[in-house]
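Structures follow.
Two complexes are shown next, each including subunit A; its partner changes from subunit B in the first to subunit C in the second.
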Partner chain A sequence: MSATTLAGDLRAFGAAALKEWRLLRRYPSLLVGFLFWPIALPLAYVFQARGFAGDSQAALDAFAQRAGTTEVAGFLFLGWAAYMWISMVLWGPGTALRTEQVRGSLEALFMTPVSRLVILFGPVLSQVVWAVWMFSIVAATMTLVFGVELAVASALRALAVIFIAVPALYGLGALFAAVVLRFGEVSALVQGVRGLFTVFCGMSFPIAVLPEWGRAVALALPPTYLIGDLRHVLLSGAGLVELIPDLAILLSLGLLLCGLAVVAFRRTERYARRGGSLAQY
Partner chain B sequence: MSTPDAAPAVEAIGLVKEFERGRRTALQRLRRELDRRERFRAVDGVDLRVERGEIFGVLGPNGAGKTTTMKMLATLLEPTAGSARLLGLDVVTQAREVRRRMGTVLSDGRSLYWKLTARENLEYFAALYHVPAAGQRDRIERVLASVKLADRADDYVERFSTGMRQRLVLARALLPDPELLLLDEPTVGLDPQSSRDLRDRVHELKEQGRTVLLTTHYMEEADQLCDRIAIVDHGRVVALDTPAGLKRTVEAAEVVRLEVAADEGPAPVNGALLRRLERAGQVAHSERRDDVLAVTVHSRSARDFVPAAFDAARAEGATIRHVEVVPVSLEDVFISLTGRALRE
Partner chain C sequence: MPAMNAELRAALAIARKELRIARRYPLQLVNEVLQPLYQFLIPSLLLGATFLVGGRAIGLEAVTGTADLVGYLFLGVVVGSLVSAAFWEMAFGLKREMDSGTLEPAWLTPTRPETLILGRAFSAMLIAVAASTVLVVIGMVLFGASLRDGLLLAFPALALASVSMVGVGYLVASVVLLIREPNFFVDATNWLFAMISGVAFPVLVLPALIQPLAYLLPTTYAVDLLRVYALDTRPLLDPALEWLALVVLAVATIRLGLTAFGRTERRMRIRGTLGQH
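Let's look at the complex of A and B:
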């Protein structure tokens, strides 16, 4: 690929994100609606925890022993914020492709010389705005309502963890996109995977409570590392150096998933070209 | 536009596209069962050569394989067999370079973002076509002006008429400043004024030195626009020539269209009348429409044929209700080649 083509593709990435952002702006109520869920969902779990344990010190000690922190609210808010972001990323590329297919614009995109990666991931870039919006709401709620102290240095380390998790999550999203292009439908699969993540990745509980085989499953799933490491840096004040083994696994899983996604997407595109399914909806 | 070289704008040799009917379940795939799906050929060995700078039309009825051919040329479909080169580039192995140098309009008005303005749509696609950032603004202004939409650039596409949307799709295809344009049924669904408008734009493209390959099932459109026409039916090219050359293949000076009704009651006129008419001219086509028989006759002289037709009708107890004498059209060419009208 020439430098001009690469530069063109990078600019197209930006244009795809801008296009999605412009489309989102035409529906401002979505942004308001999104204010509600990042607070309501974890809050329900915070109240549930209080309902089960009350002010019992024994219960808190047991939680701290398994979770490595006494910040129950922070633990739950971070878990669910990560879950919501993961959901967005899983749905993102597939939904974007499917929307283009239903809208009738997918063929027009495939007739341009731009890299398929732009078509696949470009629209998802706009979701960064949503992610920042959601994590900001969560951080504000944790600080203002529950008194969780979030240092700037910890927040920067959290950003680094999120950045390292991006290939793994977007790789998964791209795999789902390949499924969408092949079968035109992906919700059953995404729901299944989200269920798997909810049970094994410790969104609302420490994975230490899982049986041994469950913990083994958890350690094979990228969100486990993302959620665990976010909690470590934000709630336990851990440094990035002590998380290097985790982050290395996360990055390796990411590279593997991205490679698989590119192969799957190419095969699916070829299938679509043979069967003419780009325009089917 | 880049400098033209020696290769023709489009060269397709033995282009074939097969599709499967029905579906094969995941279980059948897992069991590696024999694929028993019926295969059908949408395009069955098409040969085309379009020279640079010409407007070339592919004319045929719906389902003739026009759009499938266009999609293979546009790199959206992979040919089952045969090969195609655009501007000397192979559509399969050099697909990305092909896309860089051509603009395509498919017959699907949904391919725009209705919640974006015309300019925003073009900004997005300009980036996808790798239009350099420095010249993007001018390029967009230019293509908007060329399709007469400059004054509506900042309106949402959802407020556009169908004709305006189709012009915007043409503007989008012009963004890469292409040497070659593929237009698939560009005027389908447009009102007469919008169609005329779009045809004017296509003429301007030729004046700018671009090559246009278009498909249509409107014979007048093909006749007015194209330098050469390939008539396709059932996935094959059945004739290829200039419009005048194609019309010369019909052995008639004039075409007479008759509407004949029985004198009593709505009963259709019988075959005896057609046999009588056949003695005076060549019956190219006949069909029943409600209580009349519509007959198209290729005639060397309408002046001789029409009185003979009235005599024939009278002899069979029928009345000619309508007579129309018209010059030979591409519709007549299609009828003489296939025995069917284009709209059938």
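Let's look at the complex of A and C:
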């Protein structure tokens, strides 16, 4: 790739992100949603945990033993914040392609000389702003409302965990995008995978409470490591060295998924071009 | 009276049409059962399992009077699905009609707009009841909920709550007509309504400032009576008072909802904004 092409792609990348950002700003109710859900969703589970614990110290001790922390609110806020970020990254590229398909602009986009990576991930870039916004809200709520102490060093370690999880999540996102190109409507698949993650990855519970087969499923899914490791560094004060085995698995899964995504995307694009199905939905 | 019969026939015809459309999408119908399971029930059950001591939900028992975690949550979902039917099918259904451009032509027919929404309410409530029944059976057979026969005594409470939810549906529909992007509004208010009613947790754990709101919602009493009769939980108030509240709220919400909807509809006709979205 020449330097000129790279510079052109980077400009297109920025333009795609800017366009999505402008679209988001046109719908203020979406902005309110980004403020409301990061607090409201985990809060419901915090109330639920209060109902399940009652005033019983034994019940709270049982939670601490299984979850590895006494911070019930922090545990739940982190789990659901990670889930919301995962949702954005996973469905972002596929949803962006689907939206272009429905608007009738996908074929035109594929006729431009820009890299496919721009089409896939350019619109998702604007969501980074929302991810930062969401994690800030969650951190503020945990600290100010629930008194959870978040040290700067722990926050930096959490950023490192997020950074290591990026290839796995974006790889999954690109795989979804390939499915969109091949089949068009994928909401049932999205719901199914979302359900799989909610049931197994431990957003609202420690995976220790799953049966043995359930733990095996959980350990094959990248979000489990992301959520578990974020809780370890932020709530239990774990260092990155202790998490090396987990992070190595996360990174390996990421590389595997990215490789699969590249192959799948190329094949489906070829299929769509040959069959002329890019504009069909 | 003949006019009323005609409106009722129209409402039933609309309900039949909606049910026919629903049958065309069997996967969506299956999702009515699966979605509450994976999105709410299983994560909540597993959170509950984290607090078990010796396999028993002693914390929940101390707050509510029952240690049947599964029964407690599955019965909550029954009322949650009524709330969802009012918010998404009755009210947000108008937005779908707006998007597909069929709202204005439908309102030009001699059928009253209220009837068009009532028809959607019939079909939505029927689907909600069917999905809830399947969920409760799943809760009993697969997850081991043990519900008492007293459950049947709570059915009139569910019927009264359904009437109230039709009123609430009219109220929310008025807002949907007024705002052009109602997705967040419907999603957030549906969620808050269900949560504050105690669908997912005991109302008693809500902050003192929010608890009074719970006592204004008909669904709070419906879910409480359901749990009292099926699980022998401690009631929030004297059950006789809860029944009275359900009757009063059913009448009040229907009147309020119809008034708000009638005013909004008149306003939109005068301004000619029905087709805009």
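What we mean here is this: the second predicted complex is superposed on the first by the 280 of 281 C-alpha atoms of A that agree within 3 Å, B and C clash if a C-alpha of one lies under 4 Å from a C-alpha of the other, contacts with A are read in each partner's own complex, and residues count from 1 in each chain.
Following the convention adopted for this analysis, a residue touches a chain if its C-beta (ideal position, glycine included) is under 8 Å from a C-beta of that chain, and two chains touch if they have at least 3 such contacts.
Only a predicted model underlies this, so the values are computations on that prediction, with no experimental measurement involved.
Annotation: superposed three-chain arrangement on subunit A; subunit B versus subunit C shows no clash, the two fitting side by side. Within the superposed three-chain model, A:S105 lies in touch with subunit B and out of touch with subunit C [touch as defined at top]. In the superposition on chain A, A:S56 makes contact with subunit C only, not with subunit B.
Remark: in the superposition on chain A the angle formed at subunit A by the CA centres of subunit B and subunit C amounts to 90 degrees, rounded in steps of 10. In the superposed model, A:A40 lies in contact with subunit C only, and not with subunit B. In the superposed pair of complexes, A:Q48 makes contact with subunit C only, with no contact to subunit B. Closest CA pair between subunit B and subunit C after superposition: 15 Å apart. When both complexes are aligned on chain A by C-alpha atoms, no subunit A residue touches subunit B in the first and subunit C in the second. Residues 27, 29-30, 32-33, 36, 40, 44-45, 47-56, 58-60, 62-63, 66-67, 76, 188, 191, 194-196, 198-199, 203-206, 209-210 of subunit A are the ones touching subunit C in the complex. Those residues of subunit B that touch subunit A in the shared complex are 19-20, 68, 71, 74-78, 96-97, 99-100, 104, 106, 108-113, 115-116, 120, 123-130, 133, 172, 176. On the side of subunit A, the complex with subunit B involves touching residues 4-5, 8-9, 11-12, 14-16, 18-19, 22-23, 26, 103-105, 107-114, 118, 270, 273-276, 278-279. Interface residues of subunit C, counted against subunit A in their complex, comprise 27, 31, 34-35, 38-39, 42-44, 46-53, 57-64, 69, 179, 181-185, 187-188, 191-192, 195, 200-202, 204-206.
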